[in-house]
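Each in C-alpha cells, the structures are laid out below.
Next come two complexes built around subunit A: one with subunit B, the other with subunit C.
Take a look at the complex of A and B:
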C-alpha cells in the first residue's frame, strides 16, 4: 500500500509535520512571552501601587511628626504611638523600609533646621539606620553604595568607621561614595582620609567635595597646605585646587616649593593658585624660574598670566617682556595681554617693543584692547 | 479665606509645605507638580501668594513669575525656592518680579514667617 504512495507525497507529509511542530512551538513561545510580559507588568504595577500607598501614608505621618513637633509641644504618648505604628509598618517588608528611607532622604535634601534634625532622629528611632548598615555588610556593590549614601544623607555619624573601610575598595563607585560620605559625616576632620589616600580623585569627586565643604562651617576647613607634600599627586592637585577655591592665604608660604615640582600639572596649578591668591610676595620667586619654565609652553603661558596679576617691579615686567619673543604664539599672546593689563609702565614697555619690532604685535594689542572682547 | 499656590515637582516637599502652611492657618493651599499645571491653575484662579521652585518640568519658576507679571498682569506676591543660591539666579528672579527667594534646604518655620510677612498678616 505504502509502496503505491508517491515518494514526494510522503516527503510533503513529513515537511508539513515539521512545519506544524515548529508553528506550535512558536505559538507556545509567543504565549509564554506574552504571559511573562503581562505578569511582570502586573507585578510592577502592583509594586508601584504598594509603594505609592506606603509613600502617602508615611508622608502624612512624617509631616505630622516633623512639623507639629517643631511648632508645638506634642505629648510623648502621641509621638510613641506614631513611632510604633511606623515601626510595625517598617517591620512588614523591605519595600516599606526602603520607601521610608527614600522619603526621609528626599525631604532632608530640602529641609533644614530643627525639622531636619527630627528626620535624622526618626531614621534612628525607626531602626532604618540598621537597614542601611545591613546593606553595607551583605549587599552587592550597588546596595553597599546605596547604604553608604543613605547613612551620609541622614547624618549617621557612628557609621564613619564602617564606611572608612571602603576607601580602599577595588570598586571605584564604592570608593567615591565612601569618600564623599566621610566628608559629609566627619565634622571634625572631613578630609582626614587624604593623609593616607593612595587612589585617584576624579573631577566628579572634586566637585562634590567642594560642594559639601562650601556648605560647611568655613572655620572648620582644614589648611589644605597640609597635603602639599603628599606622595599622591592627585591629593596635591586636589589640595592646591581647594586652597585656591577657598582663598586660603595660609597656603602661600608653602607654594614656593611646589613651583619646582617635577610634575608640570602641579607646577602649573601652583602658578594659577598664586595668581588667584594674589600672592605678590612670590613674584620674585617666579621670576627666578623663567629658564626652567621657558621650554614648556603651558607653564610659560601660566607664568606670564600669573606675573600679569601679581608683578609689580620693573624686573617682573621685563620678565614678561622676554616672553614676547617666545616661539609659541599662545605664550606671546598671553604676554601681550599681561603687559597691556598690568599697569601703565608695563603697557608702555609693550608699545615701545612693538614700535621697535615694526608693529609685529599690533594685531594682538588691538585684540586685547578691544572692549567688546573683554 | 486666603489661597496659596505651591509649585514643586518634589511631592514630598509639597506635602510638607502644605501641611506647615495649613497648620499656620494661612488658608487653602493648592499644589501644582509642574510648570504646566501651575500655569493652568494661575489662569483659572486668583491666588493670594505663590510659592514656586525654579526647576520644574515644562515651565521653570522664573517663567511662572514672568507669566504672572507680564501675561496675567497681577501683583500676587511670589516666593521662589531654589537649590542653587547663585547670585545671578537670585538677581534674575528679583529682576523679573519675584518678591522673595529662599535657598534649599530651608526651614519650614522660616518659610512660614516669610509667607506671613508677604500676606501682611
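Take a look at the complex of A and C:
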C-alpha cells in the first residue's frame, strides 16, 4: 500500500522520523515547563514562608524599637541589644536584608514625623543603606532602580550625587526612578535637574513628580515660571501645569508671552492656567488673540472657558458671544456655558442672541441650566 | 492527475501547518520575553499616584445594557466603586424589553434631565437621559434609547461622553478595582497610544460578592474550564506578542479603553457587524495610518476583567458562531489592508495572520479532514506517516498550552491551588481532541450562517456568578 502513494518508502520513513523527533521534542519541552511550574510553585511557597517569618519577627522588633525611641524611660542598652540582633539577622542573607528594607519602606509610608525619622535612622544603623547603594553600583538596571527607590523612600540624602548620574540613563525606568528620587531627596532644589533637562516628561512622570511635590512644604517649592522659557517644550508644559496646580500667582506676568507660543499645547495650557489662577488682568490680552485662536477648536474652547472665568468687561462678553457662531459644536456649547455662568449681563446677551436666532441654542441653554448636570 | 492533485493538496496543507506552527512559536517567544519585561518595568509602579492626581485623564465607562434587569443594580454598584477619581459611568439602556430601566430609576434616585446630546455618530434616537438626585451617585448617567444593538449603544455613549478616554465594557463583567488605573497608564506614558486592552479571565465558579471577586477558582464545568486555557493562551501568548509588534487588531469588547477623539474621528462603532470590537480597533488604526499620525495600541497583561463564559455547548456555539461572522465581516470591510505595505505591520503581518490563521484555519482543518476521509476510502493512507504527523501536531498543541501556563505562572499566578495545575494539564491533553474540533465546526457554521445572511448576535443565556452571600445562606 505504501508503494502506491507518490512518496517513496525512504522519504516517508525520513518524514516519519522527523515527526517523531518533533513530537518528542515538543513533549519533552512541555514536560520541562510543567516541571518548571511545579518547582516554581514550590520555591515561591518556600520563599513566601521564609519571608513571612522574617517579616513578622522584624515587625515585632521594629515596633518595639520605635516605641522605645519615643519613650525616654527605656534604657539605651535595650535599643543596642535589639539593633545587634537585627544586624546579625541582616548579615545572614540578602533575603533578610530585603525583607527588612521592604518592611521599613512599608511602615514609613503609613507614619510621619519623629517616628518616620527613627525608621530612617534605623535604615542607616543597620547598614541597609549600604545594601541599597551596592545595588546601584553592581546590579542590573532593575536592581539599580530598586536601590534608588529604597534610598529615596528612606530619605538617604547623601546618595543624591550617586543618583544624579542616572538621569541621563538610556533605560527609561531607571531614568524616571532617579528623577523622582532627586525630587524626594533634594530639599533645597528638588527640580534643579530641569535647568538642563533635554529628555521628555510624560504625563505619567508629571503625576509622579506632582505627588511628591504636593507632600513637601509649599513654601519651599521653586517658582515654576523660571522654566517657562526653556527650550524643552516638555519642561515648559510641566512647569505651566505645576504653576497652575500649586496656584503660583507669581507666574501670571510671564503667561502673556506663552499665549503666543507656536506650540498649541503650550498656548492651550496657558489659557487653562490663566483661568485657574483667575488672572483677570490678562483678559484683555486674550481678547486680542481671538483671530489667532479661531481656527483651532481646542484653543477656541479653552479661550471661551478662560474668558468665562476671568472676563469682566462688555468687550470680553462680546468676544465670547462671537463664539456662538463658531462652526464647532463644542466651542459653541462652551461659549453658551461661559456666558450663562459669567454674570447677569452676559446671560442676558446669550438669551437675546438665542431669541434673535429663533431659539437655536435653547437645547444648550437648558443643558447648562440643569442643576444635576453641573 | 490524481497524483498531482494529491501532491498539491499535501504540500499546501503541509506548508500551512509549518508556517502556522512557526508563527505560534515566534509569538510565544515574543510574549514570554515581553511579559517578563512588563513585570520588571511595573515592579516600581505605584498606581495610587494616579488615583489622587489632578492630572489623571477623565474616563467615561460606557456599559450597554439589554435585558439585564436581574443583575443591573449590582452591576452598576460594582462599576461605581471602581478605584479612579476622574470618571463617570454611562449605562446605555438599549431598548430593554424587561424592567432594566424601571429598576435603575428608584435604586439610584434617577430623574430625567435636559441634555443637549449631539449625534456626532448617527444612532437610534435617545428617549431620555437620567441623572441621580443623590450626590453619592453623581458619577452615574443612564441613557435610555431605542434598541439598536451593542454597537449602536456604544456609539450613544461615545456621543454622550465629554471625557478624553472612553472605556467600553460589558455591564455584566467583573472589573478589578484597579483596572482603570492600570489601563490608563499606557496613555500617560505615550501620547501616541490610541487604545489599550487588558486580559479577560473566566469567572465561572469564582466567588463573587456584590460585584467583587472574592475567590478565584477554576470552573467546575468542563466546557468553561476548557475556555480558561483557551483564554490564557489567547491573551497571554497571542495578544501580548502582537502588542509588542504594534500589530494588535483586537481589543476585547468586554473591556477596552479608547481615545474618544480618535474613536469618533474614525466613525465610532460599526452597526453592520457583530464583531464591532475588532472592527473599531482596525478602523482606528487605519484612520491613524491614513492620516500619517504616529500611534500605538497598547496591551496590559494584568487580569483586569472577569467574565462568565458560556457553560453549555449550545451557548458556546452561538458565541463562536458570532465570533466567526465578526472576524469575516471585519476582514471583508478592511480587505484593502491585505498585504498592503502602506499599512505597515497591520497590512503586511497582522491582517494576513488573521486571514490565514484565524479565519481560514477552520476551512483548512475541515478540508484536511475531508481529504483524509477520501484517502481512507481509497486506501491511500500511509498510516505510520499519518500517526506520526498527528502525534507531532498533538504534542505541539500541548507544548503551546504549557507555554501559556508557564507565562501565567511567571506573571500573575492566579490559580494558586496545587491541584489546579494538574487540572490544567489534563485540560491541555484533552482539549485538542475534545474541544478544538467543536470550535472548528462552530466557526464553519458561523461562516455558513453569514453566507445565509445571518446578522443577529444569538441569545447568550448566563447562569450567573456564584454569590458569596447566597452560598453562605445555603451552608447555614
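Rule of thumb we're sticking to: the second predicted complex is superposed on the first by the 326 of 374 C-alpha atoms of A that agree within 3 Å, B and C clash if a C-alpha of one lies under 4 Å from a C-alpha of the other, contacts with A are read in each partner's own complex, and residues count from 1 in each chain.
The rule is short, and it goes like this: contacts are C-beta pairs under 8 Å (C-beta built on N, C-alpha and C of every residue); 3 or more make two chains touch, one makes a residue touch a chain.
Quick caveat: nothing in here was measured; it's all calculated off a predicted structure.
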| item | value |
| --- | --- |
| First (subunit B), second (subunit C), both or neither touched by A:162 | neither |
| Partner chain(s) touched by A:134 [first = subunit B, second = subunit C, both, neither] | neither |
| Which partner, subunit B or subunit C, touches more subunit A residues | C |
| Contacts of A:232 with subunit B and subunit C, given as first, second, both or neither | neither |
| Partner chain(s) touched by A:354 [first = subunit B, second = subunit C, both, neither] | neither |
| Which of subunit B and subunit C A:204 touches, first, second, both or neither | second |
| Partner chain(s) touched by A:27 [first = subunit B, second = subunit C, both, neither] | second |
| Which of subunit B and subunit C A:192 touches, first, second, both or neither | neither |
| Contact set on subunit C toward subunit A in their complex | 3, 6-7, 40-41, 43-44, 49-50, 52-57, 111, 113-116, 118, 131-133, 185, 187-191, 379-380, 382, 384-385, 388-389, 391-392, 394-396, 398-399, 401-403, 405-406, 409-410, 413, 418, 421, 425 |
| Parts of subunit A lying in touch with subunit C, wherever the complex brings them together | 1-2, 4-7, 12, 15-16, 19-20, 22-24, 26-27, 29-30, 33-34, 36-38, 40-41, 44, 142, 145-146, 149, 172-173, 177, 202-204, 206-208, 210-211, 241, 245, 329, 333, 363-364, 366-367, 369-370, 372-373 |
| Complex contact set, residues of subunit A against subunit B | 55, 59-60, 62-64, 66-68, 70-71, 103, 106-116 |
| Subunit A partner contacts - residues on subunit B that touch it in the complex | 10-13, 15-16, 19-20, 23, 83, 104-110 |
